[in-house]
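Two complexes come next, and they have one chain in common, subunit A, joined by subunit B in the first and subunit C in the second.
Showing the complex of A and B:
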């Protein structure tokens, strides 16, 4: 049961001590890796005679861009870079269990923050596209009696987003720990392939897919 | 007391039944649809992914509730 807890990595000694969780530290590691990769990979890019690395990079970024663009639609083009960033971050966060870290998405606070960012973006997209008046009016659609349900939806959307991600990652983590305790040799490998890599990437995709679906709904 | 907690957590995880049936039905329909129209496979896969994620959510909620029961009521 100790594996379930989200431990405090260290405490900042100001304002009576601010606890910094382990998930935050692992998030910093992921951020550092992604930023370093971005800097290293985008150096020496050429228009003519691109190298093999550049072609691969262009293929990966182009593929991701096309995928997210297809999900969010033509009108929501401006949100594609943010969604791609979230996709890459959650993907890395879910897979990092392979390297012996605890996945940060296993911590409920991280997924709550991600879902909060998503719902703010969704409502912001709606306000920006429709204007404040029309956005307020859209709560009374299709009939006025639906208003409380539409307002409740603002709460339910991020709740289901964060609980889905958190539950999936935590469930996979618990099952992997149980398998490692029972049979420590050879057996964890195929399960790790499924739970750590496949499931993690699918959940990252689903999170971004649902967010872009809500954005698409808000701006139509 | 702990026996009751364990039983409650077990009942909460029963939500998995619904998710299992739902994903099974969705997948069988998707297989039928792909057999009928193989060229629409990518679109069908996308919708199947979304449907599975939504159906799976209920099972995940059950799991989260079970964990909350065990951790917070102990």
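Showing the complex of A and C:
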């Protein structure tokens, strides 16, 4: 069962020792990989006669941009870079199990952080678009009796986001570990394809899709 | 698994924000910038092509109109030249006819004049001869020559004159 634990990677020896979780360290690795990849791939981009690699990169980034842009709508254009970043980060975090790291999204702290940022962004977008007064009023819509539920939603939305991601990744991780213990040869491959890659990317997409949907709802 | 540490949470949030900034700087901006630039280039080229086509169309129309104008003008010039030539020919012919008539008339006139003159001279000659003959007859009344001879002589002279 020790695989399930989120271990402390190291402890900063100040204030009586601050534990830095494994998920944070893996996040750093993901960040480093992403940024290095970006720098390497975006070297000498050409406007005319782009190479195959550039075309692929453009297709990936442009497609991602178009997808997120379509989900969040024209008004929410300013939130597209954040949503794209979260999508790429969660995608990488879910898939990184393939490389022997523990997925950071298996750590509840990470999903809480992601969901918390999402709800902050959603409400911020609402306030920015409508102004504080209208935003406060929007809690009483469509009828006044809905107000408690609307307020509850502020908690429910991120909770569901956080738990969905956490549960999926944890479940996938547990099943994969079990399969690896039972049949360590050949059988884990198709399951790994599903749980590590497909489910991981789907969860990343779902997380961003729901966040952008809420943002769209908030700014309309 | 289910433990929660506020410090790690803050770390993750900061990580994400830093990642957002870095990705924006190193991935989205360059790639989307290049895509946008290419789009711009394409748009401008399309625009240019469109403008060129329009210009060409306009030029073609201009040329066509000027060509038809030139054709019309050519036709007009030819028509005018023909008409002028015809008129000139007509006048020339008429003039020539006139002249010919005049020449003929003049010739006729001179012929008649000549004839008249000849007749006149002949008349005067005849008269002269007659007078001469008469005077001769009168002066030679005593001469042996008879009237018949004198008459013969007269006729001869007149015949010579004629």
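Here is the rule we go by: the second predicted complex is superposed on the first by the 220 of 220 C-alpha atoms of A that agree within 3 Å, B and C clash if a C-alpha of one lies under 4 Å from a C-alpha of the other, contacts with A are read in each partner's own complex, and residues count from 1 in each chain.
One rule holds for everything that comes next: a residue touches a chain if its C-beta (ideal position, glycine included) is under 8 Å from a C-beta of that chain, and two chains touch if they have at least 3 such contacts.
None of the values given here were measured: they were computed from a predicted structure.
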Discussion item. Just to be sure I read the superposition right, which of the two partners does A:131 touch: subunit B = first, subunit C = second, or both, or neither?
Written reply: neither
Discussion item. Output check: A:51 vs subunit B and subunit C. Expected answer is one of first, second, both, neither. What do you get?
Written reply: neither
Worksheet item: Now for A:38: first (subunit B), second (subunit C), both, or neither, which partner does it touch?
Response: second
Worksheet item: Now for A:170: first (subunit B), second (subunit C), both, or neither, which partner does it touch?
Response: both
Discussion item. Just checking: does A:63 make contact with subunit B only, subunit C only, both, or neither of them? Give me first, second, both or neither.
Written reply: neither
Item to complete: Of the two partners subunit B and subunit C, indicate the one touching more residues belonging to subunit A.
Response: C
Worksheet item: Which holds for A:24: it touches subunit B only (first), subunit C only (second), both, or neither?
Response: second
Item to complete: Would you sort A:88 into first (subunit B), second (subunit C), both or neither based on which partner it touches?
Response: second
Practice prompt. Go through the superposed model and pick first if A:112 touches only subunit B, second if only subunit C, both, or neither.
Written response: second
Worksheet entry | Which of subunit B and subunit C A:205 touches, first, second, both or neither | first
Response to the item:
Shared subunit A footprint, subunit B vs subunit C, residue numbers 4, 170
Practice prompt. Can you check the complex and tell me which residues of subunit C touch subunit A?
Written response: 1-5, 7-9, 11-13, 15-16, 18-20, 22-24, 26-28, 30-32, 34-35, 37-38, 41
Item to complete: Provide the residue numbers of subunit B that touch subunit A in the complex, in ascending order.
Response: 49-50, 53, 56-57, 60-61, 63-64, 67, 71
Discussion item. Could you list, by residue number, the parts of subunit A that touch subunit B in their complex?
Written reply: 4, 160, 163-164, 166-168, 170-171, 202, 205-206, 209-210, 213
Item to complete: Under the touch definition given earlier, write down the residues of subunit A that touch subunit C in their complex.
Response: 4-6, 18-21, 23-24, 27-28, 30-31, 34-35, 38-39, 41-42, 45-48, 50, 54, 57-58, 61-62, 65, 81-82, 84-86, 88-89, 104, 106-110, 112-114, 116-117, 170
